[in-house]
Structure formats: C-alpha cells, structure tokens
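Next come two complexes, and both contain chain A; in the first it sits with chain B, in the second with chain C.
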Partner chain A sequence: MSGIIDVVYAEYNYWIYVTLMMIGFYAMIAKKNLIKKIIGANIFQTAIFLFYISLADVTGGTAPILVGGHGGEHAEHVEHAAEVIYTNPVPHCLILTAIVVAVSTTAVALALIIRIYNEYGSIEEDVILAARRELQPEFSEHARQKGVAEVGEQ
Partner chain B sequence: MTGFELIATHLPVLAVVVPLIAGFLTPIVGWIDRRLPWYWVMLAMFVVLLIAGSNLATVINSGTIHYKLGGWDPPFGIEYVIDLLNGFVCLIIAFIGLMVSIYSLESVKKEVPGKTTQFYSVFLLLITGLMGMTITGDIFNFYVFLEISSLTAYALIAMGDRGDGVVASFNYLIMGTVAASFILLGIGYLYAVTGTLNMADMQSILPSIYENRVVLAALAFFMVGFSIKVGLFPLHAWLPDAYTHAPSTASALIAGLMTKVGVYAMIRFMFGVFTPAFVIDVNMTEILTWAAALAIIVGSVLAIAQSDIKRMLAYSSISQIGYILLGVGLVNVIGMQGGLLHILNHSLMKCALFLVAGAIFYRTGIRNLYQFKGLGKKMPVTTTVFLVAALSMIGVPGTVGFTSKWYLALGSIEADQWIFVAVILVSSLLNIVYFWRIFDNIWFGHPHEIEQIKRDEAPLTMLIPMVILAILCVFFGFFSCYPIEYIFEPLAKALLGLGGAP
Partner chain C sequence: MKTLALFVVVITGAMLIYAGQDLPAFGDINSPSYQAPMTQYFIENSETESGVTNIVTALLASYRGYDTLGETAVIFTAGMAVMLLLRRRER
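After this line comes the complex of A and B, so read on.
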C-alpha cells in the first residue's frame, strides 16, 4: 500500500493534472448546461497549463532571472551566474501564450452563449434541442418525406 | 531595387503578415466607405496569391526555404520552413481565398447584412491562421495559428443562419477546444522528452527515444486531435451542422480549406516530426487507412439520406477526407501521390460545389434539393458548374476526381489491399446516387409552370470564380501530369524518405 502512495507522491504533479483534466473533460461532455461546459473546458485547459508549468521546475532552481544582472556596479557577479540553477523559462512563455488563447476561446464561447440565450431563452442543451425541432420545420423528417412524396407524384 | 530585394528576402513571412495586417485594417477601410472592404480583401488575397506563388516557384527552382523569424537561429528561434508540401498547400489557400473573396460581394451583402466589414476582417484572419499553420516550422507556433484559424472559423459560422448557426458554432467550439487541447498536450509531451520545439530538430532527436512510451502517447494525442479537426468519421459530429448553417461564403471557404490544412498538419506531423518508419511500426498508418475506408463509405451513405444540399455536401466532405487519408495511410509513393493530389482536387471541387449551393440560395432562397426543379433552365451556367464539379467528385475520366481516384486505386493494389479498391469503387457508385438526385431535379424535374421560368442567372461576381474553378477541374483532369511531375512525385518520395530533396 505504501508503495502505491510513494509512486503517486513521487510524481504527484502528473496525477493532479490528469485528474483535473479528466474532471474538465467529463464536464465538457456530460453537462447539459452550456456555461458548465465552458467551465469544464477551462478546467481542461488549466490542467494542461499546470502540466507545462510543472515540467519547467528544476529541483533547487531559482526564478529564471539573471542573478546580479541588474545595475552596473554588480556586473562582476554575472560571471558566476553559470553556477546558479535556473528553472526552465520556455514553458512559462508558452503557457503565457496558451492562457491568452484560452481566454479568447472562453470569450468567444460566452458571446455565443449570450446569442443562444437570446434566441432560445435557455442555456440548457435539451431545452435548446427541443426548441430547434419546433423552430425548424423545413429541415425535419416530415418535410423531407413530403419532398420525396412530391417527386413520386410526377 | 534595394526595396524589392528587401521584400524578396522576407517573402515567406509576408504570406502570414499581409493577411494579418490587412485583417486588422479592414474595420478602418470599412469605416471610410462601406463598399470598400470587398476591394480591400480582393487586393490582400491577390497579394497573398502572388507571394505564395513566388514562394512555391523558389522552392521548385532552388529547394527548401528556411526563414529565421527575427534573425534568431533555430532551434532557439521560430523558423518558417517552406518545402514542396506546404508551398503547394499555401498556394491552394491563397487561390481558394481569392476565388471566395471575389464571390463574396453579393452573397455576404444578403446573408450577413450590416456586418460585412466584420465578416471580411474575420475572413482575412482565418486566412492568416491557415497560412501560419501551413508555413511554420515550430510546433508551438503551429498551435497558436491553429487556434487563430479555429476561433475565426467559430465566428464565421456563428454569422450564419439565425440560431442554428450559433448552436453549430458552439458545438464546433467544444469539439475544437478538445482537439486543440489534445494537440497542446501532445506538444508538451514531445517538448518534455526532446527539449525542443523545432520540427526538424525534433525529428532528428526523436529516433533515439522511440521506445519511450511518452512519444507514443504524444503521437496518439496528435492523431486524435487532428482527426477531430479534419472530421474523420467517428469524430465528425461537428462538421455537418457547421457547414450547413454557416453563411454560403464561409461554408465554401471552410469546406475548401480548413479540413485540408488539418490533413496537411496530420501529414506534416506523421512524416515531418515523427519518421515514416516509426509511424508504420506502431501501425498508425494501418489504423488510418481503415478509419479512412470507413469514413469513405459511411460519409457517402449518410450523404444519400440528406435533403439539404449543403448538409449533403458536408457529408460528402467527410467521405472525401477519407480518400486523402487513405492515400496517405497506404504509405507507398503512388497512393501518397493520389492522396496529395486529392488535397488539391477536393479543394477545387468542394469549393465550387459550395459556391453553387450559395448562388442557388442567393437567387431562390432554396436549399432543399427536392425543390430544385427547373433550375437548369433558370440558372444554366451555375447548374453547369455544378454538373462539372459533381462529375469530378464522382470521378468521371477527364476531370480531376478521376486522376486522384486512379492513383488511389493503383496505390491500394500496390499495397496489396484489394478491399480498398472495392471501397473506392463502391463509394464512386454511391456518389452517383446522391448527385443524380440533384441532376434529376435540376434538368428533368418539371415544375407545373415551366413556361413561366425566366433566365435568372447569378450575378457576375459569383459566376466568375465558379466558372474558373470548374475550368480548373477539367484542366487538371487533362493536364494533371505537370503538377504530378513537378510537385507530387518528388514530394511523395521525399515524405516517405525514398531519396530526393525534402
């Protein structure tokens, strides 16, 4: 039993991200409420961001800012900078970009939800589906068969 | 002269920058005069076409172009790489974009009233996203452009049919977000094991760690993500609604380009990030061929069941994507050529068909194909374009569709997979079934007041791009030897690693 806990604890960052990702994925698929779907999408994306950020960590590493790099009088310290361990800054930059993308996606999704609400008066998926069936008779099964019947008449 | 040389060295990046800047300037242009954005978009697309053409010419004459963004050496900086594969995909994007932008004038005015400026702005940003996805040699940069193209596509689709368009767009957004997140995760996995984001650099590092299971997981994430993006059969749920309810112009653009760029990305990741040997070794190509064969049959069968012409064309797209992926999955030179050729062919044919559907909707307001009776007399040119493109879709000799199907069948035989030959034949027969219903209604259906039907052709701005696309469908049917000789054959060999410069 303790073996399993050790395995989980040793790489707990990955376990957290996978759990969060599955929660988000489930919400996106299973929730009927459109806002909850978007919340699910955000959890899903944030889980991936956590994965990237935890990748960047180096044991004992400091923030990736050049030690002693500021100001003229401390310039001699830069020579010793090679001895300092830094965390990897690249995933941080990538995730800054990805956060912007996720925010834009959320914004577009919320704008769409407002339009859906104005159109159908609800943000529940099954209510919208029922409303669409009533509103769109020309594409329904009945209309199609009527079309077929008209062809048959000739 | 120095000014020209300065531009010439930056041509690769200009293919992305021009539509981006033009897209953001469109609101200003539209603020000056509401009629101007159409001319503005045409101008921008024409410039992009010239740039893409010149890039492809450079690649054919003097080999792959490497462009360092901001002067940073790869793998530290972002690198734009143009080889034969993305050179020709860029040319298709620019060409289809120009055709659709010419067509858009009347259609957008009618279907997106009062929002033409916004429509054109988003239109150009979509082109930016697709261009960037195609041209970049850096996988994270690829992800960003993928999201740009997706977000703009959601916006374009939401401008379509009241209510339905928005719901279709929202469903696409959910599916698209899952796909993009999977791709982002795959990129993260590859970055974790290789420490680089440059595609070429990654390809040189990956072979030494292929036994690592993280690499396999990354490949799986990429393939699932791209399968959603291209609408491969079991993951196609977003596609029919999105294509049906978008404005006609946007449908033509999205159907003609987005899935094709997705397929390009799939090919690039399979053969340009991973190696052909690895992808074959883990049976990914075999899975792909069977999924593609299923998509071909199911897409065609579902298309027969539709009465809305745009929805029918959307299901037909699902089956056509199957053809391209079948050719790619066969991993022999002939099949690969067929698949790559079909990227070109399908863009031309499907774009023409969606433009025709839009023109018919513009004139008559009808999308139900059982009400098309007498259209052959009313809109003779439009329906003739439809005939040519549909025959090409079926694969009648003398049209482009025949050439690619011929190559695909030969490739299947060479791979000793006779069942795929049968699949291609059966699907062609199914294509005849669903297109014949429309031919039948257009030319042989007799409405009760046939004498009163007057010729009422679509406007000239709509006719010109449709006719050009139809002519190209026939032209490449007879002269497909030139693109095959100069582009597809060396390309197929290079992708499969059989010699020849990449």
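After this line comes the complex of A and C, so read on.
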C-alpha cells in the first residue's frame, strides 16, 4: 500500500492534471447541455495550463524576475544573478499565449450558443436535434448519406 | 451512453498516467526542459539584450514579439466573430 502512495506522491502533479483533464473530457462528451460542454472544455484547458506550469517548477527556485534588477543603485547586483536558481520562464510565456486563445474560443462558443438558443429556444442537445428533425424530415436520411455539416449549410 | 463516456475517459486517463511515468519528477532541476541551452540562454542574457528584469516579459514582448502580435489578431478575430453573431438583424 505504501508503495502505491510513494509512486503517486513522486509525480503527484501529473495525477492532478490527468484527473482534472478527464473531468473536463467527461463533461464534454457526456453532458447534453451546451453550456456544460463549454465549461468542460474550460476545465480541460486549465488542466493543460497546470501541466505546463508544473513542468516549469524547480525545487528551491524563485520566480523568473532577476534579483536586485530594479532600481539604479542596485544594478550591480544583477551581475550575481547567475547564482540564483530561477524557475523555467519558457512554459510561463507559452501559457500566457494559451490563456488568451482559451478566452477567445470561449467567447466565440458562448456567442454561438446564444444564437442557437434564439433559433431553437433551448440549449439541450437532444431538444435541438428533435426540433431539427421536425423542421426537416429528410434531415436524418441526408445526415446519414451526405454528412451533417453539408445539411447544416442548406 | 454515459457508461461508454466513462469507459473512454478512464481508458484515456490510464494511458496519460502511464505515459507520465517517464516524465521528469516534480521540481527536478535536471529535467531536459530546464537544462536546455535555450532556457539557460534566456535566463543569462535576457537582461542585457532587452533591458527588462522580468524574464517572462522579455520573452513575451521581445523574443516572441511577432507571436504576441498574432495573439492580438486572435483576440480581434474573436471579437469580430462575437459582434457578427450577436448583432441585431434588421429584416
């Protein structure tokens, strides 16, 4: 039993990110509510952010801001900055970009859901599909033959 | 349907955990990403090359300036898409 705990504790950041990511993945594919699907996608993205930030960590390291770098009279201390351990700045920079993309995709997805709600009066997936079949009885046959995307354009 | 989703999620999670066993330990200073020449170069030279004491800022705004410019294009496109989707239709 203690062997399992040691294995989990040595790399517990990976267990946390996998757990969070799978919670988001389950919400994306099992929930019928479109808003809940978007929330699942956001949890998924946040798990990736945590994974990258945890990869950047170094034990005993400080934030990647040069020690003694601020202020003119302390400028000579920057010379000794090579002896300080800094955490890895590159994943932080990548994740700053990824957060912006995540916010943008969430905004567009929520706007699309508002339009869907205005058209169909619901954000439940099965209600929308039933309303579509009622409007276009040939929808299900066409969907099987030509693919759903092509029918959606007509 | 929910059982199938749970099955897929558990299988994917097990695969990710299995793959994660080969990754470096949490906070390991000898991890390849930290010992890479690029990372060490940024930590040592970003202050003299860009004059910014915050290394993340130097990376984002100086070394990866074109990437940040593209990022603003992403925000602009998202804003335009939201405006076009939510605008009131006059018929």
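Simple rule for what comes next: the second predicted complex is superposed on the first by the 136 of 154 C-alpha atoms of A that agree within 3 Å, B and C clash if a C-alpha of one lies under 4 Å from a C-alpha of the other, contacts with A are read in each partner's own complex, and residues count from 1 in each chain.
Convention: a residue touches a chain if its C-beta (ideal position, glycine included) is under 8 Å from a C-beta of that chain, and two chains touch if they have at least 3 such contacts.
The model shown is predicted, which means the values in this text are computed figures rather than measured ones.
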item: First (chain B), second (chain C), both or neither touched by A:Thr97; value: both
item: Chain B versus chain C as contact partner of A:Val108, first or second or both or neither; value: both
item: Contacts of A:Ile65 with chain B and chain C, given as first, second, both or neither; value: second
item: Partner with the higher number of touched chain A residues, chain C or chain B; value: C
item: Chain B versus chain C as contact partner of A:Ala10, first or second or both or neither; value: second
item: First (chain B), second (chain C), both or neither touched by A:Tyr120; value: first
item: Partner chain(s) touched by A:Ala41 [first = chain B, second = chain C, both, neither]; value: first
item: Which of chain B and chain C A:Pro89 touches, first, second, both or neither; value: second
item: Touching partner for A:Leu20 - first (chain B), second (chain C), both, neither; value: neither
item: Shared chain A surface residues [contacts with chain B and with chain C]; value: 25, 55, 90-91, 97, 101, 104-105, 108, 112, 115
item: Chain B partner contacts - residues on chain A that touch it in the complex; value: 25, 28, 34, 37, 41, 44-45, 48, 51-52, 55, 90-91, 94, 97-98, 101, 104-105, 108-109, 112-113, 115-116, 119-120, 128, 132, 135-136, 138-139, 143-144, 147-148, 150-151, 154
item: Contact footprint of chain C on chain A as seen in their complex; value: 10-15, 18-19, 21-22, 25-26, 29-30, 54-61, 64-66, 69-70, 78, 81-82, 85-86, 88-93, 96-97, 100-101, 103-105, 107-108, 111-112, 114-115
item: Chain C residues touching chain A - in the complex, by the definition given at the top; value: 1-2, 5-6, 8-10, 12-13, 16-17, 20-21, 23-29, 31, 33-34, 38-39, 42-44, 47, 53-56, 59-60, 64, 67-68, 71, 74-75, 77-79, 81-82, 85-86
item: Chain B residues within the chain A interface of the complex; value: 140, 143-144, 147, 151, 154-155, 158, 162-164, 166-167, 169-170, 173-174, 177-178, 180-181, 184-185, 188, 191-192, 197, 307-308, 368, 370-371, 441, 445-446
